[in-house]
Amino acid sequence: MKLAKKLTAIALGGALVLGASACGASTPSGGGEGAAAGNVTLDWSFWAQGDEGNKTWKDLASQVTAKYPNITINLTTAPFADYFTKLQSQLASGTAPCIVSMQSLRLPAFAKAMTPIDGDLAKAAGFTESEWDGGALKALQNGDKQYALPYGLSTMLMYYNKDAFKAAGVDEPKDGWTTDEFVSAAEKITKATGKPAFGQTFSDLHMSAQLLAYNGAKPVSDSGELQMTDPAFESAFTWYTGLATDKKISSIPASSADVPWGEQQFVAGNVAMAVDGSWNVKSNVTDAAGFKVGVVTLPQGPDGAGTFSANSGFGISSTCKSKTEAAQAIGVLTDATSQMASANSGNQPARTAAIPAFIDGLKKDIDPKNPGYSEQVAAVTKASSAKAVPFISTSNWDKVTKLMAQQFQQAYSGKSSPQDALKNVQQSGAK
Amino acid sequence: MTSKQIQARTTRQQALHGAEAAGKATGRFRPLKLGSEVLLGIVVLLFLFPIIFTFFSALKPNGEIFAQPPSLIGSEIRWQNFVEVFNYTPFFRFIFNGLVVSLAGTIIVVAVSSLAAYSFGILKWRGRDKFMLLYLATMMIPQEVLVIPMFLLMQKLGWINTWQALILPWAFGAFGVFLLRQFFINIPYELVEASRVDGCSQWRTFTRIILPLAKPSLAVLGVWTFITFWNSFLWPLIVVNDVNELGNVSLGLQTFFGEHGNSWNLVMAASVIAILPTLILVIILQKHLVKGIATVGLAGR
Amino acid sequence: MTAITTNTVPRRDVDPAAPKKRKKNDSRAALGFLTPSAVGMTVFILLPTILAIATSFFNWPTFGEISFAGLDNYRNLFAPGSQFTAALINTVVFTLLIVPINLVLTLSTAFWVASSRFSRLYRVLFFLPVVTPTVATAVIWKLIYQPNGIVDSTMNSLFGIHLPNLLGDSSTALIAVVVVIVWQGFGYNMLIFSAAIDQLPQDIIDASKLDGAHGLTQLMRIKIPLLTPAIFFATTVTMISAFQLFSEPFVMTAGGPGTSTVTVVMNVYQTAFQDGELGAAAAPAIILFVLILIVTLIQWIGQKKWVHYD
């Protein structure tokens, strides 16, 4: 025991020393060295975007140097699926990059390791609130502080298979449709095709957004507490599981590992409708297995409250030594020109001014093979964004999503009651 | 037994093996044997079905990977998926990186392990087996919990994002020592004594007598180690800062899972490509693994 | 370890030039041959291991205050809502299934393949699943298992019956994962056993033939006993890796449905890299370590009864 303590003390000391020096001049792998000399190199970590996307972001990084010659940005990428695992280990050892890319869902878990962009830092970033979509900013706040500036905005939408609707003789849904209309459309298509028309999912945003639209239920309270057993959430979840267990109009995930089930089944042409984010507005059409894609707002119940929004942006790690320079760099990375470039390649922008670029990109790339899509997207993103609520997660959200997949599998397949499944998630997931 | 006697023994064995092999080559016809061959062929085919399916999935359009019910062949055959893998990510670079790390790692593991196994499997000394058990114990800590302390160590050494950080930390495990020890331990101690009486040093005994005898087991360890390095994922993920510069194939595969949907068909195509280097290694080493005595013992039955 | 490494032995003794007399004790040479491995192991394995053990007594978030926690991390494993007990039970069940199934199948297949005209080809083919990336394997096996998937639709068209959702049903999920693991790891032990079969001393086999031992008798009386060192190795290694099972159930079932396929190392990984609690992650790993150590010790002591060394 004594030895263990001693060793730990040594290790601890080592970790702290290393942590402190990580962003300093002594370690080349850290971010922001030699702040005093005026010239700084800032590490910026981002999830990989494929060759084309990476190039776009590298170009933007060089824009930073063009505007601030003393700043050089060193962009490193990790696969999206593992980005946050890596960030965890970097933070554990104090080697986190200066500029971190952050998703709104993960922000509560990482806020402690980040510096809010306010006061002088906000000034350095050239941040003016009015130029932004309010929801997009709010999603990247924690405790009313802005931790990252968004480069995009995503809302949850309903995608549907136009061909399947036509074949079943069902009218295509219109923005603002109701849950009753959704259920009756699904019933008709299920009857006509012999397979479930809707694809259920374990994905946090996808499922929760549909429950929010049903009766305004939220899985997490506005103060960040898990509330799976909240009566509204329980009733909405019971309705959702009932789509599979009672009405049999919904395809359920084959295993707890198939978290994005509905989205995947939709693209494969196995189900006619699924909820997915506006970040897939382009890829859902290009990947669709030989059918035409339509998109519409989430079906609303009588007490429905629109849809959830989520987004990603860039923030500053708390170990960064050159915070001002980092803020300046983030200002460039999220400025109007940057968002135009990113919007044109299919990211729904967080700056209102860049929306036409987003729609024009779709008109050029998608409309030729999926006619009328860009108009539909323009209408649906406008309608959704107007009623979008930022999704608030808990600081242990990864754990909660894992529990949801495990427990909801039981509920979706009727092996346990929806109430029991929620109770189990709440018990293991509440902190 | 002197080294000459050993040689005589080996020669006699080789002669016998030659005779066995010749007996097999003439292929005496036996109905039971034929039945066994056919049945084994069917078993192998069934066993390979998932691999065959992987290959055909790699030729499908992205949206059709999860089509229900699954079909072997999609609506079109897209050989271009294999090209797109290389356009989408620097996949050649991932293969090259993987080869460098895996080959370097394998050489170190085989060298270090065979030295240690000579100690544990051939030489006699007090506390040998207890010490081996201590070695074994180090295999029982899951890597997942060692990764963070190891990362701290790498940082202290200034090795983050370097080749040596990818190669060295996992090159001293007990696995290889244990494997070779189990093979070495059956080599008669008299062989060592004989060679020593003949005036060979321990070093020469090791290199001239033991290593040649142990070739198949060294090949086994080589293959095994190469695959472990080739497939490693968690450690490279953490210690590599720039995937494009030092990433291996396992990391590269993850890049097809993007923020904007997943390219499943490319994942499958890249997986098929990723099979090749290890497969080639197995085929090359196969010669050492069997060395003309493939059917020892059962052929003449 | 200290007993050996603290011995200071002049380097020349490691590689002595042809000593006149041979003793039964080679400890100096042993030290020399062991040094590279022992040094590497001390730095890269023992040091991190000691650190990992130490962290289990601390409340150690990836970022934030670190504080001494005593035995709290161990106590919390058994608190309500913790998945540890389920994970431990599953891990033991997985091991009890995987080890015997794997060993019996690989050993018998190794003999079967050795008797074949195409043994070289087959050995490579049986190795293919080992070298196929897990991410691809998982996709294909899911397509095989899922409702309306390959197995289900085949059964339906042949016999008109529908199978349950194999990975989504808590009564079948664990078995379904075991099948994939045995399939995927088949090549490893095949490789070991094939190499060992190749190294069977031909003179002993020949002698046994002269004594009239053939077929099954020869297999059970002569060959299997000669293979026991390899079998012992395969058992130990398969067991250790089964106890540390993680990635296959992680990608196939993510521990579900419910907690039916959660394993201890899955728990460790998620606690460390998703929840960011390094101390809490180390505690179950240490318990697992002790468990494996005990089982291996029993095997190690028991090997004298059945493993035949020369």
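Chains: A, B and C, in written order; residue numbering restarts at 1 for each.
Here, contacts are C-beta pairs under 8 Å (C-beta built on N, C-alpha and C of every residue); 3 or more make two chains touch, one makes a residue touch a chain.
Quick caveat: nothing in here was measured; it's all calculated off a predicted structure.
Novice: Across all chain pairs, which one has the most C-beta contacts?
Specialist: Max contact pairs: B-C.
Novice: Of all the other chains, whose mean CA position lies farthest from subunit B?
Specialist: Chain A.
Novice: Report the inter-chain centroid distance for subunit A and subunit C in whole angstrom, where each centroid is the mean of the CA atoms.
Specialist: The mean C-alpha positions of subunit A and subunit C differ by 38 Å.
Novice: Based only on mean CA positions, could you tell me how far subunit B sits from subunit C in angstrom?
Specialist: Comparing mean C-alpha positions, subunit C is 15 Å from subunit B.
Novice: How many angstrom lie between the centres of subunit A and subunit B, each centre taken as the mean Cα position?
Specialist: Using C-alpha averages as centres, the distance is 40 Å.
Novice: At least two other chains touched by the same residue of subunit C: list those residues.
Specialist: Correct list: 51, 55, 146, 149, 272-273, 278.
Novice: Note the residues in subunit A that touch 2 or more other chains, in rising order.
Specialist: Counting only residues that touch two or more other chains, subunit A contributes 11, 85, 89, 92.
Novice: If a residue has to touch 2 or more other chains to count, which residues of subunit B qualify?
Specialist: Subunit B, residues with two or more chain partners: 65-66, 68, 147-149, 152, 254.
Novice: For subunit C, which residues count as touching subunit B in their complex?
Specialist: Going through subunit C, the ones touching subunit B are 1, 3-4, 14-19, 22, 24-27, 29-34, 36-38, 40-41, 43-49, 51-52, 55, 109, 111-120, 122-137, 139-141, 143-144, 146, 148-150, 153, 183, 186, 188, 191-192, 194-203, 205-206, 214-215, 223, 229-230, 232-233, 236-237, 240, 243-244, 246, 264-265, 268-269, 272-273, 278, 281-282, 285, 288-289, 292-293, 296-297, 300, 309-310.
Novice: Which part of subunit A faces subunit B closely enough to touch in the complex?
Specialist: Per the stated touch rule, the residues are 11, 14-15, 18, 27, 29, 43, 45, 47-51, 54, 76-82, 85-86, 89, 92-93, 95, 195, 264-265, 267-270, 279-280, 282-284, 287-290, 312, 346.
Novice: What residues on subunit A touch subunit C, complex-wise?
Specialist: Touch residues, subunit A against subunit C: 4-5, 7-8, 11-12, 85, 88-89, 91-92, 109, 112-113, 252-259, 396, 398-399, 402, 405-407, 409-410, 413, 415-416, 424, 427-428, 430.
Novice: Quick one: which bits of subunit B touch subunit A in the complex? Just the residue numbers, please.
Specialist: Touch residues, subunit B against subunit A: 61-68, 75, 87-90, 147-149, 151-152, 155-156, 158, 160-161, 237-238, 241-244, 251, 254-255, 257-261.
Novice: Show which residues of subunit B lie in contact with subunit C when the two form their complex.
Specialist: By the definition above, subunit B touches subunit C via 9, 12-13, 16-17, 20, 24, 27, 33, 36-37, 40-41, 43-44, 47-48, 50-51, 53-54, 57, 65-66, 68-70, 111-113, 115-116, 118-120, 123-129, 131, 133-150, 152-153, 168-175, 177-179, 182-183, 185-188, 193, 196-197, 199-203, 206, 216-217, 219-220, 223-224, 227, 230-231, 249-250, 253-254, 264, 267-268, 270-272, 274-275, 278-279, 282-283, 286, 289-291, 293-299, 301.
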